[in-house]
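Paired with chain B in one complex and with chain C in the other, chain A is shared by the two complexes that follow.
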Partner chain A sequence: MIAPVWPALVALLVSTAGVLGLLLAEQQWAVIAIVIAAGVAMLMATRMGWDDRIRRSGGTHARTVSGVAVALVIGMTFVLREHNFALLMLCTVLLTIVAGLGLTIQFGHAGVVNFAGAAFFGIGAYAAAVLANKTALPHPLVILAGGACAALIGSVLVLPLLRTRGHYAALITIAFGILFKTFLEVNDALGGPQGLKVPGFVLFGHAFNDPIAIDDETEWSFYLAYAGLSLVIAAAAYVLVRRLERSWIGLAFDAVRLDETAAAAFGVNVAAWKIAAFSIGNFLIGLAGAAYAMMTGFVAPTSFTFGDSLILVSIVILGGLGNALGLVPAALIVVLLPEKLQVIQEYRFLLFALLVIVILLVRPGGLLPRPMRDYSAGESR
Partner chain B sequence: MTAPLLDARALVVRFGGVTALDGLDLSVHTGETVGLIGPNGSGKTTFFNALTGFVRVAGGRAQLAGADITGLEPRRIAAFGIARTFQRLRLLLDLSVFDNLMLGQHLTLDHGPWSSLFARGRFAAAVRGQADVARTLLAAFSPGLPARLFEPARALTMIDRRRVEICRALIREPALLLLDEPSAGMTPDETAELMTDLLAVKAQRPALTVVIIEHDMGVIERVSDRCVVLDYGRKLAEGSYAEVAADPVVRRAYLGED
Partner chain C sequence: MKSASLSVALIIALAGLPVQAKDTVRIAFIGPLTGGVSANGLGGRNSADLAVRLRNADAKTPYTYELVVLDDECKPNVGVQVATKAAADNGIVAGVTHYCSTVAMAAVEVYRKFGLPVVVWGAVLPDITYASDYKEVHRVNGTMINQNEAAARFMTGLKFKRWAVIHDTTDYGKGHNKYFSEDLAKSGGQILGTFGVTADQQDFSAELTKIKELKPEVIYFAGLTPIGVRIRSQMDKLGVKAVFQGTSGIVSDAFIEGLGPLAEGVVAFREGAPAEKLPGGRVFLDAYTKQKYPDDPEAYGPFAFAATTLVMDAIDKVGPDRKKVRAELNRTRDYDSIVGKITFDDHRQNAVPLITKFVVQDGKWLVWEDSDYASGKRALVKK
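== the complex of A and B ==
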């Protein structure tokens, strides 16, 4: 029997409404109410088996559902067109998802650890700052170059990462992240501890930092343009990661992660696939960093600490290791909640740590555990 | 007489002070099934690991169809047409049976970035084609297996896992199949069933060459054309099952009689 399309659409609508409510909520009690409602909905969905129906309907009607999802996010940005802060949050969530997609390929698919996510995000951000300040490179290329720089500088880590496993590989990436931040702090050409200003994004002569004047009275937030940019990047990165996952490349990544010995016995070039996953992942993380820097107009070493790297890793684990879709609820929780709930702002690291521990204990696969590779989506076309 | 498919000469493998393979000579001809027996620690699995590149060979050489494979990386040796199973199963339990079989096909699949990302129709067609190949192969082992192609390998029973592991090694039609104790962890009935499957597969592929490590002498008697007995990394005896089983040196070393 073919799964109907409506369970996925209902789930999408309900989640969009929840996110919109969260972004617009101004009272603390409203935020808390939405969070509790989301938690209850999630529990109910699991208990009643709705999650399975939603997944099957989403898998069967992948094109329709992803089209509706994009339309809903566009609709959401339109509703928020005059709310600067809410749009900034939305963009941050989208770009965090892009960085999370990078980690998903590395950590979730190929099993290559990376505890320096914030450093690669920072490489993209600084690359964008330098290129946009010092060169006339068109800005879409600046953002792509940010990704390329992250991938390129990441290749420094390739040799030590291939020679180590587990904890030792993790330590190497941690050391790299700390070295990167220290390097930024002492490097005067890159602004030292004060950081650098970054020019706003310009596309075909339109400066994204200019508010969009509709008529004499109404003016839309300039973040609307950045929301469009973030959505394009996030959608492209998502499609890239999902298509890689559902190809023979994704299978090679899985084999490398699950059993290097068995993989090598059947001719898999373990080192090459690890390098590929690490580079693609760093490219995506750098891309997100570059776009983020151009949106916020400012980069400084304090934004790229080990703590920020841990946050990225916790998003990937919270959402469900290896499941790109899981990044959406995880990024929403980790990015939005501390901004909307002042009570937890100060304790956010403590709370995230607790949340990750609780998730690992009661739901080890994460909020949305990764399903088995589904070939039917490819077969139906 | 034709040249052997596999020709190992004076192979030496050392682990620290222990000599696990001590100048082993062993050759196998195309189409033969050779049983490799010997007490625990006599170097049987080490021999497989040396052939497939998982341990460093300290001396001697191994040739497959005239090509020197000594000291190559495992993934390069796989390309020469050697496939193996592992004593402790190495299925990817979280993945489907199909995904496991496709690992066996790794060297024939298209990993190009362009076709992986954009030629989705061609990928879907490749999946359908491979699924047919996989179902045919699985059906040769057990009529119930093809229906479970897209189930996780974890959901299978021990004997079905073994079958899938052997299918994973067979699916690319290797020249040489190395089976490392396929009966480990199974009941005598299951073992007998698996050997029937194996003989049927062998009957369909007369050119398939098999080396099988076994502790179960019944299995060796049933499937092997020739037996090689190892002890302390050296060849103790060689010949038909009857010859080897009657050899007093073998009986003393292996069967525990004096």
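== the complex of A and C ==
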């Protein structure tokens, strides 16, 4: 039986409405109501078997559903066109998802640990800052170069990472993250501890930092342009990761993660695939960092600490390790909620941490655990 | 009849209402409430909150104020985020913002873009006000520039003429060296040699031997306590006889503990003053204690209080309109506050910020004016 398309569409519509509500919520009770509603919906979905139906319908009608998803996000940015802050948060969520996608390939698919996510994000950001300040390179290329720099500098770590496993590999990436931050702080050419200004994104003569004037009365937020940029990057990264996952490359990644010895025995080049996963992942993280730096207009070492790396890792784990789709709710929770809890000031991280623990208690495999590979009819293409 | 008298009573009651109901005006406070420097952020937050409470308790003021408190975590990316939140919200008229310099540097662009007038209450980097010319950005606390200007003027006033400079190669040390050297040249002092050292250097005999040959009267040290302690004790071992002059980085108990009697007669300068030494400090501290805040106001609390009061006075005067408030703040001149007079220069930097001179006497940092050195009982240079 072919699964109907409507469960996935309903799920998409409901979650879009929820996200939009959360982005626009000003009052504390509204935020709490939305969070509770989302929690209840999550529980119901698990209990009544909805999530299974949604997954099957999404898998069967993958193209329609992704098309509708993109259309809904575009619609959402349009609704928010005059809300600067909500758009900034939306862009931050989208770019965090891109960084999370990079970590998903590393942690979730090939099993390469990376506790220096924020450092690679920072490499992309600083590369964008330097290239946009010092060269006339077109800005789309600057963002790509940010990703390339992250992948390139990451290759320094390849040798030690291939020689170590588990905790030791984790330690190497942690050390790299700390090294990166210290290097920035003592390096005057890169602004030292005070950081660097980054010029805004310019595409074909249109400066993204200018508000979009519609007529004399209405002005659309300049973040609308950044939202478009972030959406393009996020969609492209998502498609890339999903395609990789479904392809023979993804199979090789999985084999390397599950059992290196067995994989090697079957002729899978373990080292090569680890390097590939690590580099592709870092490229995506650097890409996100470059775009983020151009959007916020400022980079400084304190934004790229070990703590920030842990937050990125926690997004990947909270979403369900290895499931690209799980990043969306996880990034929303980790990026948006602390912001929406500003009202409780210094206690907000306390409440936020409690919430994350509760989520993992209820769903130990993350919000949306990675499903089994399913090559049955319908999902192909 | 009954209904008529009732309606009359109603009309009277309604007419009376507008007098009591004041419009609520929202102003933002931004500082680090979580993370490593949260003590300073919380102290600033409480002080700003205190200013708002005192204002709201006063029945004569035209508006009721609401303080919107946002946490910047001392991270520039979060700073840009919360600055956008405050600045993009048209209901917020002005802001009292930032303790961390990097955050302020990132956020001033946002205030500029959205036209939100802000008063910086704690960040000290000169560039925040001087690197750009944004009419939105004001600052009540002093900068490195002010500290060194005061230091140079004071020390040349004591008839010292020849300096040697040792600075660490961080932003802090380099910045201080730059501004002190400029100001000293203006005040007529002479620098015989400048030595950059790394922040974790252990041995300074090379630098100090050179300095000994130069025979300076004063060694100016720009850096933090740990290497300050090392340099001062190695000066003694090598027999370098000069007054040791430091920056805000050595005004700490650890400096005296590390040196013991050798610390005697060391001078240093710091922005601000102990709260009880401020013009309105006692009143501020009493009011602060009365509110039973769980944290101390810390060094910059009084500045947050003064900045908040300044912003509310401007709004009281011209109404809750960003452009008018900006113009009013720009015009601030000889404004009385608990940190002394506030006058903004052409970059909206408070031109008469408070710098306190400290000297070590009998194992304690004393304010210069209270010390035996000022009264002439002791001398920095032993005859």
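The definition used in the following text is that the second predicted complex is superposed on the first by the 355 of 381 C-alpha atoms of A that agree within 3 Å, B and C clash if a C-alpha of one lies under 4 Å from a C-alpha of the other, contacts with A are read in each partner's own complex, and residues count from 1 in each chain.
One rule holds in what follows: a residue touches a chain if its C-beta (ideal position, glycine included) is under 8 Å from a C-beta of that chain, and two chains touch if they have at least 3 such contacts.
Just so we're clear, the structure is a prediction, and the values are computed from it rather than from any experiment.
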> Does chain B (first) or chain C (second) touch A:F266, or do both, or does neither?
Replying inline: first
>> Just checking: does A:Q194 make contact with chain B only, chain C only, both, or neither of them? Give me first, second, both or neither.
In response: second
> Between chain B (first) and chain C (second), which does A:W29 come into contact with in this model arrangement: first, second, both, or neither?
Replying inline: neither
>> Tell me the contact category for A:T92 with respect to chain B and chain C: first, second, both or neither.
In response: second
> Thinking of the overlay built on chain A, is A:R373 touched by chain B (first), by chain C (second), by both, or by neither?
Replying inline: first
>> Which partner chains sit in contact with A:F204 here, chain B, chain C, both or neither? Use first/second/both/neither.
In response: neither
> Taking the two structures together, which residues of chain A meet both chain B and chain C?
Replying inline: none
> For chain B, which residues are in contact with chain A within the complex?
Replying inline: 52-54, 73-75, 78-79, 83-84, 86, 90-92, 94-96, 98-99, 102-104, 106-107, 109-111, 113, 116-117, 120-121, 123-124, 127-128, 131, 150, 152, 168
>> For a test of understanding, state which residues of chain A touch chain B in their complex under the given definition.
In response: 240, 243-244, 246-249, 251-252, 254-255, 258-259, 261-270, 372-373, 375, 378-379, 381
>> For a test of understanding, state which residues of chain C touch chain A in their complex under the given definition.
In response: 33-34, 38, 42, 45, 69-71, 74-78, 80-82, 84-85, 87-89, 100-102, 105-106, 109, 113-114, 125, 127, 169-171
> Any idea which chain A residues touch chain C in the complex?
Replying inline: 83-85, 88-89, 92, 186, 192-195, 197, 209, 221, 292, 296-300, 302-303, 339, 342, 345-346, 348-349
